[in-house]
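Listed next: structures, encoded as structure tokens.
Both complexes below contain subunit A, partnered by subunit B and then by subunit C.
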Partner chain A sequence: MKRFVLLQFLFAVSLPSAAHATGNADCSIDEPGLNVTFEALYGYGGTGELRQNHASIALTDPKSPPGNWTFDLDGSALEQQWVVGDEFKVLLYKEHEGADMVLEIQARRTAPEDIAFDGTYRLIIGPSDGSLFSRAGKVACSMG
Partner chain B sequence: MKKIVKTAFLAALLLFPGHAWATGDLGCEINDGNLKFDYVTLVNRSMRLFLGGDVRFESAKAEIPAPLQKLDQGKLQLVHSWYDDREIRLMLYAEHQDDKVDFASIRLTIVAALDENDDYVGTYRLEVEGTRNVVVTGKTSCLVG
Partner chain C sequence: MKLALRSLAILCLFSMPALAHATGGVWCDADDANLGFRFKAVSSRDGTGGWFDIEGSMETKFGKLPKHLAKFEIKDKNVTERWWGREGVLLNVQKYDDEPFAAVMLTVVTKPVDEGVYEGTYELRITADGGDEAYVTREGTISCGAD
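This part shows the complex of A and B:
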């Protein structure tokens, strides 16, 4: 077993510098009326951008616009990202139920070298009737 | 009608502190003796940034490998970006490897904040990896229009 682990290690360190290991980035919002999970891969050691991101949103807030607001977002929803150093910022955008939806997450690393990030979110939905729904709160993320 | 509703939505977002919500050009310039660099990109209403044409890096201080001095859209990646009505952040990256160049990369990070004159001003950090690794820093300004 030790030999296998050693071989694995030697294989890993023999990889070219351009090949970087990946980690998992996760965020969750767990509040009455809103549950969100955001998951992505990122490369550490390189430029560290998020890839293969996916989000699930379940908005059951009684004030939410009409329609089914439990839905998934694929990678195309990631409009902006700044995942650099101790900062984690993503902006997701999607047209859903005839409305524009924006979810912004901004979090900071809780302690040096820690994988946990704490921050806030803002959810804005502009339904086709011209009204505006928005709510904000706290979000917890991790990068490990 | 749909256009009016969408315009109203986008206008409302402007009232919500945070993102400037418009389609236009976003450009940053560096010309401080250490680095000459111009960058213009399109930004859409959802703030996604689209790289423009060719980008040139000219530096007297950093020895930028020849294949990385002029980069087209396919080679230069906008790996991180953040744009709102308070700040602009960009991280541009490219790397090159061939028979002549073992490995070389260039990474430019720009962070600019809106000042009292409504100008985006800030700093840049250029990191060049190649036969010689060099870091160059300085000031930059950006415009959105």
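This part shows the complex of A and C:
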């Protein structure tokens, strides 16, 4: 009976009711010319559906397109996500300064059961003046 | 014209299949002893990632789920994880009741095997109220496509 109760509990916390139990997911990029923070809540358990996500981008790269590239993204910018097991992937999109901006973050858990994730980002801005801007680098995330 | 060039440029950077139109699709199908699954969505081909007009159905053929969880039409809100990229098509579809708690969750992981063709596996987990199959995980194979 004890075993059954334990099993019931394990399934309960690993299935979607766990949406009520949330953790914090955040990522940061801190490089010359680019600072990004991404924050969200996620449900514990088998799926890490992100909620209340928010990102702040400060792109000061001298090669960036003309305009003010310090701006925020709300939850509507989250176009794709895969936060399952040891993988953390998000794809954010926003039209800004007349251009299409895509930020893709892909990270993996650094060690079993660790809250730290390491990975890479790609930032691409569609041509607002006939040119295309992109850069890529490393990103650090955590889910705790 | 400007929009088309913009889309094409981003498309190339994301190494998506070279396609001429702004939107394409993602779809998956599985039909075996445990699962009947039909899914499709319109997706952007320009690397911006949006999925639209999600539709399909999911039938869990085992266990004692309530009827509305055992078989349901898939809506956007049921697709809690979605990814189409160089790695493949990845999906998580779920539906649940709070009281009494019952849930079904399908996780699909596929990899590209040919241009626009993805093959992989699914994991289907249910929890329901009582019975021998109240808490069960079943696995199988699944095919997806995207263009």
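As a working rule, the second predicted complex is superposed on the first by the 123 of 144 C-alpha atoms of A that agree within 3 Å, B and C clash if a C-alpha of one lies under 4 Å from a C-alpha of the other, contacts with A are read in each partner's own complex, and residues count from 1 in each chain.
Please note the rule applied: a residue touches a chain if its C-beta (ideal position, glycine included) is under 8 Å from a C-beta of that chain, and two chains touch if they have at least 3 such contacts.
Computed from a predicted structure; not experimentally measured.
J.: Quick check for you: in the superposed arrangement, does A:Pro62 touch first (subunit B), second (subunit C), both or neither?
T.: Neither subunit B nor subunit C is touched by A:Pro62.
J.: Scan A:Asp100 for contacts with subunit B and subunit C and give back first, second, both or neither.
T.: both
J.: After superposition on the shared chain, which partner residues are touched by A:Glu79: those of subunit B (first), subunit C (second), both, or neither?
T.: Touch partners of A:Glu79: subunit B and subunit C.
J.: So, does A:Pro112 touch the first partner subunit B, the second partner subunit C, both, or neither?
T.: Touch partners of A:Pro112: none, neither subunit B nor subunit C.
J.: With the two structures laid over each other on chain A, which partner does A:Lys89 touch: subunit B (first), subunit C (second), both, or neither?
T.: both
J.: Report for A:Leu132: first if it touches subunit B alone, second if subunit C alone, otherwise both or neither.
T.: A:Leu132: touches subunit B and subunit C.
J.: Counting contacts the way the document defines them, which residues of subunit A are shared by the two interfaces, the one with subunit B and the one with subunit C?
T.: Shared contact residues on subunit A (touching subunit B in one complex, subunit C in the other): 16-17, 47-49, 79-84, 89, 91, 93, 100, 102, 104, 122, 124, 126, 132, 134.
J.: Can you list the residues on subunit B that touch subunit A in the complex?
T.: 2, 4-6, 8-10, 12-13, 16, 18-19, 46-49, 77, 79-83, 89, 91, 93, 95, 97, 103, 107, 109
J.: Considering only the defined contacts, which subunit C positions touch subunit A in the complex?
T.: 2, 5-7, 9-10, 13-14, 46-51, 80-85, 90, 92, 94-96, 98, 101, 103, 105, 107, 125, 127, 135
J.: Going by the contact rule set out above, which residues of subunit A touch subunit C in the complex?
T.: Listed in rising order, the residues of subunit A that touch subunit C are 7-8, 11-12, 14-17, 46-49, 79-84, 89, 91, 93, 99-100, 102, 104, 122, 124, 126-127, 132, 134.
J.: State the interface residues of subunit A toward subunit B in the complex, per the touch definition above.
T.: Residues in contact with subunit B: 16-18, 47-49, 79-84, 89, 91, 93, 100, 102, 104, 122, 124, 126, 128-130, 132, 134.
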